[in-house]
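All chains are identified by letter, namely A, B and C, in their written order; residue positions are counted from 1 within each chain.
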Amino acid sequence: MARALFTSQYALMLEYRAEIALWALSGVLPLIMLGVWSGSGAGADAGLSPLQLSRYFLAAFVVRQFTIIWVIHAFEEDNLQGRLSPYLLQPLPPLWRYLAAHLAEQATRLPFVVVILAFVALVLPGTLWWPSPSSFLLAVLATHLVFLLRFLIQSLITMLCFWSERAAALERLQMIPYLFLSGLVAPLETFPEGMRAFAFATPFPWMIWFPARLLSGGEVDLAAGFGALAAWIVLLLPLTLLLWKAGIRRYSAMGA
Amino acid sequence: MAITLSTFRRYRRTLARFWATSLTAELEYQANFLIELLSVGGNLAGSVFLLSLFFGHGRSLGGWSWEQALVVLGVYTLLDGLTSTVLQPNLSTIVTHVRTGTLDFVLLKPIDSQFWLSARTFSPWGLPGVAMGLALMVVAAVRAGATPGPLALLQVAVLLIASALILYSLWFVLAATSIWFVKVWNATEVLRSALVAGRYPVAAYPAGLRTFFTLVLPVAFLTTVPAEAILGTGSSRWLLASVAVALVSLAFSRWFWGFALRFYTSASS
Amino acid sequence: MPIIRAEGLTKTYRVADKQPGLRGTLRHFFARRSREVPAVKDVSFSIEPGEIVGFLGPNGAGKTTTLKMLSGLIHPTAGTVEVAGHVPFRRQGGFLRSISLVMGQKQQLIWDLPPLDSLRVNAAVYGLDDAEAKRRIAELAEMLELGDELTRPVRKLSLGERMKAELLAALLHRPAVLFLDEPTLGLDVNAQARVRDFLADINRRTGTTVLLTSHYMGDITALCPRVLLIHQGHLFHDGPLDDLTERLTPCREVRLELKDLPSAEAFAGYGAVESCQGHQVRLLIPRDRLTAAVARLLANFAVVDLEVSEPPVEELIGRLFRQGVVA
């Protein structure tokens, strides 16, 4: 059944290939930031060579591409269009459907990411590299965990929408610390001491900085990174499932 | 269509009605204001923090000092607020109109369709961004030691208007392409993410990107040129170029819309 | 002097040709194919001011496309069209002020606001001053039986009330021609009747030329003295509705009530069996064979009751559409 679900979602995503290409393109923020960082000497102050900087940001770009979550938008759209009720009647829990949709979307997105990377390689020769097999595998594992974590976080916020319409704003608001603390716009090494400590107390640095460092061949504390990711997932998984059940009950009770 | 005084009055009255009805609809959702305030404030705080990372150890960013770079950030925030107030709410509806077929109603009104689609909505939630950007511009400019006279201030005003027009044209042309590619409604997202480059003075970028952000995606004209004018480091050459780019962009957006409509009336059913 | 004139109006579309399924999607991704779809073929007619004309036809017949060409929303592929002295697709100010369009499933009113707010915007757009707008709104609201519905948000109105408000908005600027595309779609029987009454009323009072498309016979029979039948892009009939029914099949409907329970096959030789339920049978019999058929029916069956009447127009036209081209 999983294969049927995935292939149907993949076919659906291919219909949206134009939109997905654009979504891939709209993830250029790390590349723009690379432009700014490479022109500034501040990277060197933090002990990062220009090569390390460019690899880091390219890695951040790739990690971001594969950890983009849009379940709240899909859910709201389904709710608006009245597709939610029939979904709930099917034996497949809707979360699985959304998960499959996300995976299919990533599969569709992959060629466009490759194209963008190829373009970067053309413009800046020497920046692309082959990561060592071990760091590549670890980075892939970390990225998957980050994907799962972000999926859980957004699903949680989505569930809160059952109780309040304003809950969707939470998603927008949590994007702000994500943007600045995850390492998407600046490697955490460049942060002042106090800010860095604060950042590591949140789940955000593990979402971009950790896998990007792995992928770009930098030094990381593997135990701390995987441990943190696992801990956050273990914390949020039961919470999300609980809220999901409660949310569905509330939805049916409202007679939507 | 001949522009007469009565036509002008009709448009002005229509605009007033557009925005009055739009505000009435928006103000139903007061909670939005707090969320927008938090969002803009949080973004600004984060941006200022991020900018500060470049200025440790007495460094400069492309030759710009900390205070000077903050002026650029201020201009960016102001334009971003403008986008949220007028550009985003209006131009994202173009896609909806095309998709649901209600564009037909707009086309059958005896009023310019580009005007209708561009000015129909006014979202007050973007105003905090405009205010914060303006405040940042002024405070940072003062701290950078700028003392613009009335002529300089006039130039700044002209440049800000030019920036707004360039930004509008970019958004509008992009939104208009939804007539061909209805599915490509999120092209404006790409634009928005690329325009982020305007947070930093264009000199901060390596040479290749600098050219790109001046000639291809005119981010330089949007934020760096007005900032230079406030700080007194601008030149009349850039002023003229900016105005020229603004006028050309506006003209292009007009022509492009006509082109898009010709396609729409041939291909829709 | 006709207010609407169409000569050889034609519209052909290019449509993408794509196979379903994953393979088809991938193939289409690499090599697009398209084909030409004719929507309207060589349609000509002329309409005098003050007429009410109906465009009748099944879904996809080309009625909406024709209407959109008349209102200026679609550029014809070939042929000429003139409405109120203008070429529609130029959409000049004078033309736009003299027409109005109402579409059944789409609305121009703002969803979250009361209709009055949308009406005020329209008043400004059409250059009506506030006093004049107020008068016209009051007048139309009375005709449409709209009261405080005008002050409730549109999303809170029923479908029928929304359509009435749409009509009000469409007529605010007193257009010479009113185009309606499936105006009664989705409305309940009462609302349909109200809309039809209103359209007849406004036509009578102000002489507004009314053009409506519909696939409901009821709209046509109740409202339109003149019918343009469009099928597969062609114009099959242009004239009074009675002529149409005559032209289609000069038949009569014979309703029989029988003593015994009949089976449909038993009647096959007498005419087309419309329905056979319980003791009732309905047959369509061509007029020239009517008397003979009735005589045989009375002779061969135990008939309790027999009634001969005009077949409902829907039935005839439905047959036409199912069978295809009519001679």
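As a convention for this text, a residue touches a chain if its C-beta (ideal position, glycine included) is under 8 Å from a C-beta of that chain, and two chains touch if they have at least 3 such contacts.
For clarity, every value in this text was computed on a predicted model and none was experimentally measured.
Enquirer: Compute per-chain Cα centres, compare each with the mean of all protein Cα atoms, and return the closest chain.
Expert: B
Enquirer: Which chain has its C-alpha centre farthest away from the C-alpha centre of subunit A?
Expert: It is C whose centre lies farthest from that of subunit A.
Enquirer: Calculate how many whole Å lie between the centre of subunit B and the centre of subunit C, each centre taken as the average of the chain's C-alpha atoms.
Expert: 45
Enquirer: Calculate how many whole Å lie between the centre of subunit A and the centre of subunit C, each centre taken as the average of the chain's C-alpha atoms.
Expert: 51
Enquirer: Averaged over CA atoms, how far is the centre of subunit A from the centre of subunit B? Could you give it in whole Å?
Expert: Using C-alpha averages as centres, the distance is 28 Å.
Enquirer: Would you pull the subunit C residues touching subunit B in the complex into a rising list?
Expert: These residues of subunit C touch subunit B: 13-14, 39, 64-65, 68, 71-75, 89, 91, 93, 96-97, 99-101, 103, 106-108, 110, 112-113, 117-118, 120-127.
Enquirer: In their shared complex, at which residues does subunit A touch subunit B?
Expert: The contact residues of subunit A facing subunit B are 16, 18-19, 22-23, 25-29, 32, 35-36, 38-42, 45, 123, 166, 169, 172-173, 176-177, 179-180, 185-186, 190-191, 195.
Enquirer: Under the touch definition given earlier, write down the residues of subunit B that touch subunit C in their complex.
Expert: Per the touch definition, subunit B meets subunit C at residues 1, 6, 10, 13-14, 16-18, 21, 24-25, 28, 100-102, 104-105, 107-111, 262, 265-269.
Enquirer: Sort out for me which residues of subunit B touch subunit A in the complex.
Expert: For subunit B paired with subunit A, touching residues are 31, 35, 38-39, 42-43, 46, 49-50, 53-57, 59, 61-62, 181, 183-187, 189-190, 192-194, 196-197, 200, 204-206, 208-209.
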